[in-house]
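Look for subunit A in each of the two complexes below; its partner is subunit B in the first and subunit C in the second.
Presenting the complex of A and B:
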């Protein structure tokens, strides 16, 4: 049974898992949807009440009957590398590829339907509450008045983007930024603003969940540091034990969200409390493994190569 | 009026990095000029910064 990895060729984090799968002798196919059509060829047959499908790329062939699992890593847009790309061609190719993959009884890390929902920051906060995490007070509003009242109540507040920085060239960064109650909030009316009470932290925590396995890493923060992803603090990531309460909340969260993989970001405050900031269904783990030695890629490879196929056939009554 | 949150955006200053490895289609991973998998060179991967939490692709923002 083959593992299918949807990602770009330059994704070296995927390489870490591919190498593990090779060592284990597990068949793997690596496909960038951007190469379909083109380098990759697809065919799906729906006849006589039965389904069969095939993918081939770079000399590798995969039948849907032999597909065990799909890892969605860093895939390009379908048909992006076509000779004549267009939004229509992307839509057609997306239909063909994902329509076929969804028809196979494969397990996903993570299923795109669950991934789409998991990316919604307000939904993450709700699930975090239900799971038992400590969550900093947060508001997501288009009302300048409510934004101002929130800032006046909590004094030190950060603004963050829910969807990330605006795409395009030249590149733009949009780190979590500390603001005060004297900020001019009138522009909140021009777009939803996500404001959260600032958690003065003594460390960043990155917890990677792969199936039932948890890997937590800690990086000491500089005084006053807000967004640990930007700027080199000089502190390394180090392994840290997962408190029992956090482990229970993580397991509850991934169950509610139907996620096979999730990367949680916490702020550890001065009293050692881990405050939930976000859960990233596709968060990077390469940097954590390289610095801490934690066997995350091995865990991912093991999950992909050993998960039981999903025998629920869509649409069957 | 510019949306409030964009007031805190700034040019990232990131340039396209030339990485010293290339994709081997048969082995389905990136290799160094000497043919070894790039993942065998930990120092190289750390220096390249392509595994960090801000190393998103152009099409995927889940970092």
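Presenting the complex of A and C:
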């Protein structure tokens, strides 16, 4: 039973997991969907009430009946490396590849349809509420009046992007920014704003969930620090125990969201409360593993190589 | 409790359903996501472990607590009508709108994540098998050799697009085309081909499923006709009874695919067997209703206005 990893060529994090899988003797196929058609060949047969499919990369052949799991890491766009790429060729190739993979009874880390939903920040906050996390009051709005009222009520407020920085090269940094109630909110009418009550924090927490395994790391924050992702504070990431209440909430969250992998970000306040900031279903773990020594890549490899597929309904997630 | 219809301005099919909803006295809000932000205003609050959201269009306000159902008809791209549209503004607006709607306990026809999966043709064939339909043997392949072998085995084969015609204006027609085993298959290596055994048919069948209600229509086919969508054969659509075995398979299919609405296309062969060709989760029904008098728009309106939302998990589909 083979593990299929969908990612691009340069992916050090995938390399870490592939090395673990090789050590464990687990068969692996690595495919960049951008290389299909071309370096990769696909064929899926639907006949006589049954289904069989094959994927061939560099002469290695994977039968869909032998597919244990799919790890969606950083896949390129289907057919992006084709001799004559086009939006239509990408659409046709996406149909063929993902239609075939969805037909197989493999397990996914994470299934694209769960990943798509899990990226929606407002939905994340609702699921975080239902899972029992402490969540800072937050508003998404296109109303300047409501944005101003929110800032007046909560005084110290941060503004951030819901979808991330604008796409394109060169990249634009969009750090979470502290603002006050005197801000001019008129531009909110031109694009939705995400405002959140600022949580004064003594540390950032990154909690990585792999199946049922949890790995939490803590990095001390300087007083008044808003966004720890930009600039080096000199504080290292260190392993930290997961409080029981947090563990229960994490397991509830990933169950509600149908996620096999998730990276949670929390702000730890002066009382030690972990405030839910976001859950990134595709969050990086390489930097945490390197700094803390936590065996996250081994946990990912173990999940991919040992999970048991749900064979009742192919692709049902 | 209000019905929200996501569609563009010019949508005669939506007009038919809106008229039925007005007659029934059911509150309706119509929104084109392209008009957000701008004509429409949105605000979603996540505080104190709870959630509340509002959508305002032309001075009418809809609270998420009063949202019964969402009909995803033909929505424009979020923020497409903004003064300064951009991919980033679309991404931010999509986050705000769909993140808020996913947080509400409404029912969907169809939920976008179910719709996305249901569009994958190879997955459709697998689910059709599992549901008990007769499905013509089909192959999706990028291998010229396997394409040729399939054509040699089945002799009369049609080739069609999986994703539909290429996007763009002016539109390109891509009718399903009959080919023989002598065809040159070398171009298959450049893009996946969908080949299917040709079903000589005496009629086309369009079966529309709305919740648990089924409406089947039949149009006689001329001998040798391949794709009834292009060209007028002069035969009308007429209501036809749904065989019990087909009704059971349709209900199994929409359950496996989590669809509230689906339009099935079948080819009826000389023995009267209905062969599954495809299931379009967003298929048109206006032309069937006009020709057959079947009350499909009334069924859609009834489902939207009377369905009971699953209030256990918001947006969970």
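Please note the rule applied: the second predicted complex is superposed on the first by the 312 of 317 C-alpha atoms of A that agree within 3 Å, B and C clash if a C-alpha of one lies under 4 Å from a C-alpha of the other, contacts with A are read in each partner's own complex, and residues count from 1 in each chain.
Note that a residue touches a chain if its C-beta (ideal position, glycine included) is under 8 Å from a C-beta of that chain, and two chains touch if they have at least 3 such contacts.
Note that this is a predicted model, so its numbers are computed, not measured.
> State whether A:23 touches subunit B only (first), subunit C only (second), both chains, or neither.
A:23: touches no partner chain.
> Let me test your reading of the model: by the given contact rule, A:80 touches which partner, first (subunit B), second (subunit C), both or neither?
The first partner, subunit B, only.
> Look at A:63 in the shared chain and tell me whether it touches subunit B only, subunit C only, both, or neither; answer first, second, both or neither.
Touch partners of A:63: none, neither subunit B nor subunit C.
> Is A:291 contacted by the first partner subunit B, the second partner subunit C, both or neither?
Touch status of A:291: first partner only.
> With both complexes superposed on chain A, which partner does A:280 reach: first (subunit B), second (subunit C), both or neither?
The first partner, subunit B, only.
> For A:123, is the partner it touches subunit B (first), subunit C (second), both, or none of the two (neither)?
The second partner, subunit C, only.
> For A:99, select first, second, both or neither according to whether it touches subunit B, subunit C, the two together, or no partner.
second
> Once the structures are superposed on A, label A:177 by its partner contacts, choosing first (subunit B), second (subunit C), both or neither.
first
> Touching A:9, do we find subunit B (first), subunit C (second), both, or neither?
A:9: touches subunit B, not subunit C.
> Based on the A-chain superposition described above, do subunit B and subunit C contact any of the same residues on subunit A, and if so which?
Common interface on subunit A, subunit B vs subunit C: 161, 163-164, 166-167, 189-192, 194.
> Under the touch definition given earlier, write down the residues of subunit B that touch subunit A in their complex.
Those residues of subunit B that touch subunit A are 1-14, 19, 21, 23, 25-30, 37-39, 42, 45-46, 48, 50-63.
> Given the complex with subunit B, which residues does subunit A contribute to the contact?
Within the complex, subunit A touches subunit B at residues 8-16, 18-19, 22, 28-30, 34, 58-60, 74-77, 80, 115, 119, 147, 159-161, 163-167, 170-175, 177, 179, 185-194, 206, 229-230, 280-284, 286-287, 290-291.
> Hey, which residues of subunit C end up touching subunit A in the complex?
Against subunit A, subunit C makes touches at 36-37, 40-51, 79, 82-84, 86-89, 91-96, 98-100, 102-103, 113, 116-117, 120-126, 129-130, 135, 137-143, 146, 161-164, 166-167, 189-192, 194, 256, 313-316.
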